[in-house]
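Have a look at the structure that comes next, please.
In order of appearance the chains are A, B and C, and numbering begins at 1 in each one.
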Amino acid sequence: MGLAARVEVDRGELRLQVDLEVGAGEVVALLGPNGAGKSTLLDVLAGLLPPDAGRIALDGTVLDDVAHGRRTAARHRGVGLVAQDYLLFPGLTVLENVAFGLRARGETRRCAREHARQWLHRMDLGEHERRRPGELSGGQAQRVALARALIVEPRLLLLDEPLAALDAGTRPIVRAQLRRHLAGYEGCTVIVTHDPLEAMVLGERIVVVERGQVVQQGAPDEVARRPRTDYVARLVGLNLLRGTARGRVAEVGDRAEVTLAHDAHGPVHIAFPPVAVVLSPERPQGSARNAWPVTVRDLEAHGDLVRVTADGPVPVLADVTPLAVADLGLAPGVRAWASVKAGEISAYPA
Amino acid sequence: MTGHRRRTDGRVPVALLVPSVLGVAVLVLPMVGLLLRAPWRRLPDILSSDAVLTALRLSLTTATAATALSLVCGVPVAWLLARTRMPGRSLLRGVVTVPLVLPPVIGGIALLMVFGRRGVLGGWLDEALGVSLPFTTAGVVLAQAFVAMPFLIVSVEGALRTTDRRYDDVAATLGASAWTTFRRVTLPSVAPGVLAGAVLCWARALGEFGATVTFAGSFPGTTRTLPLQAYVAIGSGDTDTAIVLSLLMIAVSVAVLVAMRRRWVGA
Amino acid sequence: MRDAGARRVGMLVQAIGVAGLLVACGGDAEGASHPDGSPADGSGARISGEVTVLAAASLTEPFETLGERLADRYPDLEVTFSFGPSSGLAEQAAAGAPADVLATANTVTMDTAVQAGVVDGTPRVFARNTLALAVPAGNPGNVTGPADLARDELRVAVCEPRVPCGAAAEALLDRAGVEAAPDTLTTDVKEAVSLVSLGEVDAALVYLTDAAAAGDAVETVDVPRAGAVVNDYPVAVMADAPNPDGAHAVVDAVTGELGRDVLAEAGFLEP
């Protein structure tokens, strides 16, 4: 049961080729940079865009099967969509918006409205039923859009950047509400986002899509701790190196070596947080320290610290205090040594 | 920024000022002329004369009917132009907007060639259904719709283009058919554009002369609308009536424009 | 208010007069290339420039022919015709339109211009016209006489009663005791003829001359005692004619032998 999709779309600049499975009641966050093909995949799942190849089945029912010429129109799929800007119908009241799906399915006006009213109460929107969409706050609009999609009991719910339209202040509250509402939903949920935090909080599983391909998937903490691509590493704020391990030593980058805390063999990913990186004018002395000569490329404020981007045999990100920047005279072009304790490094098979 | 704008605000080059004064004069003087020559004392009598009232009633009903016809047929055309990717769409848009620039008399002649007794469709309509449009009130409505519908189509198409098509997508995922989506989602969201188009269309239909006189003729109570009545008046030497009718048309046009402006400013 | 109106019209005439002068200058320059500038019979040596004639629509064909013949007689004279409904032309003339000659299709309309004081001397009647019942070729409506104009199922065009051909039609129908049921009232007799030749109407009361000018597409049906209703066509020189010499030459031609020939050819009766 649940969603089993294999989708291929060829749009010239973008070649989407994704296998996606979502269990009943599971919330999957589709994480990826802009232009990775996430929204295209969502359109295909919703039936708004025909795939060039592949097969989509939902709860055992085949919706699309290109090889067998099978295709189900959007209105007959039972797939709910909450769009990025919520797209509440501006000509209708909040109540009419929520009742829309039931009316479109032929329910009487009275029946549809009664049902919609219950949903609005469940969403704490009871007093807003007569308002127009333009009079709602972003969070309220999102809940209306969610109620409108859920009232027709879709087997698959798609959310496209559900928090992107909100300002930073209200985002945490709405995110928590959304998480609560999704927890009560029994169908499959796919959330598209480019915000890692959103993906971590809302998704029970994260599927990372880059350039039309799934590059990593797993539980949020797994993805956060062990990124497999530079994109994910950057998102979760980790340095990521690829190398080949022989015991406690791994060879990475331009003939540099990294000392590991544990034995490992073969191709590995090596990750460590920028705060673990120490910058110093001379090569530091001491045991189990990894040290590489680097040249500072860029400095930028990062919370209370300064994030230093440095190039060398091993390119690194380092978070240092403003005091350290002043002491070391760090500026673009300045040479320094970057070092990391072996204990701060995590290595996992690539 | 504001200071800069204020400093240059008062400077108008003579090269722009003189032609603009002339231009305004060209537009305004004819109307001033009508006001100066208006037979104010006879005005109530002329306005309440049978001929004028009959023409006014006919004009109001035909312009309204032509607008209704334009709404029923024009809104779907606008939708096709704005929302579909059918081949020949740009050609269709060209064809549909030709009456905007065509002399209405030409439209009247063309209508006569199609719906006239010996016309392509007219002969068949007459024989098969006993329907003949020239010289009937229905003919007036058709002539007016021919000239006025493009105003509606252009206005509604513009409104449709600015609406987000993702609304249609969302409606589809909620189980709505294309027709339900059009009726309950698309149409309400372009309602202001439809209204503006309908008002323009109505005003144009009300002022229609050339196509009407050519295709529908001129008979009191049946086909002689206000502009035709004004033409008959000036052609038969009744200048006073012609002036009064002109003033009446100007009053209606100004009222329509003022109403539209309020609407636009309010929106 | 009337004064203001008259002044404005005066300014308008002046403005157009300037334009007329420019055209006249062009004409002179052209005349200079013919040193003697003399026409064949030598009688019109001084007749030159531009003459504007406002004429009833029913005069279109004979006056155009007349214009061509006049061009032979006065090579330096350029005659421009403006055809339209007589009442409208008379109204234009009364309002001070810059024309030299006015020719209308009945005396009532000419009187408008006379009373406005824009006509020089007394108008002269130069032709008469009668009405005819015009039907499309083949007479699809089986029209046999004026009584048929009352038939509801026929499409009928008659001139607007306030223009001369409409006034004449009204008089004719009154005499015949027919309550006509027209479908359209045209302000211009030529429009009625067009509707007949297109087959859009089954019958129209038009001038005999117009029916004749329309060619094979239009037939006529005899109207008994049609001659009892007659339109007199008067012509006059305008009081403010920009080119009085040319105007008189044109009026002389219209009322003289040349005019008689051309008008008779077109089916007009002699006064």
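We take it that a residue touches a chain if its C-beta (ideal position, glycine included) is under 8 Å from a C-beta of that chain, and two chains touch if they have at least 3 such contacts.
Model, not experiment: these values are computed from the prediction.
Minimum number of contact steps separating chain B from chain C: 1.
Put simply, the chain farthest from chain A by mean CA position is C. Legend note: the chain whose CA centroid lies nearest the centroid of all displayed protein CA atoms is B. With centres set at the average Cα position, the gap from chain B to chain C is 35 Å. Computed centre separation for the pair chain A/chain B is 54 angstrom, with centres defined by C-alpha atoms. Centre-to-centre separation between chain A and chain C, using Cα means, comes to 87 Å. Listed in rising order, the residues of chain B touching chain C in the complex are 33, 36-37, 112, 116-118, 132, 134-135, 216-220, 222-224, 231-232, 234-239.
Residues 164, 166-167, 169-177, 180, 184-185, 187-189, 191 of chain B touch chain A in their complex. Chain C contributes residues 1, 4-5, 8, 84-85, 87-88, 90-91, 95, 109, 112, 155, 157, 160, 162-163, 182-188, 195, 198-201 to its touches with chain B in the complex. Partner chain B is touched in their complex by these residues of chain A: 43, 46-48, 73-77, 79-81, 83, 85, 87, 89-92, 100-101, 103-105, 148-149, 152, 154.
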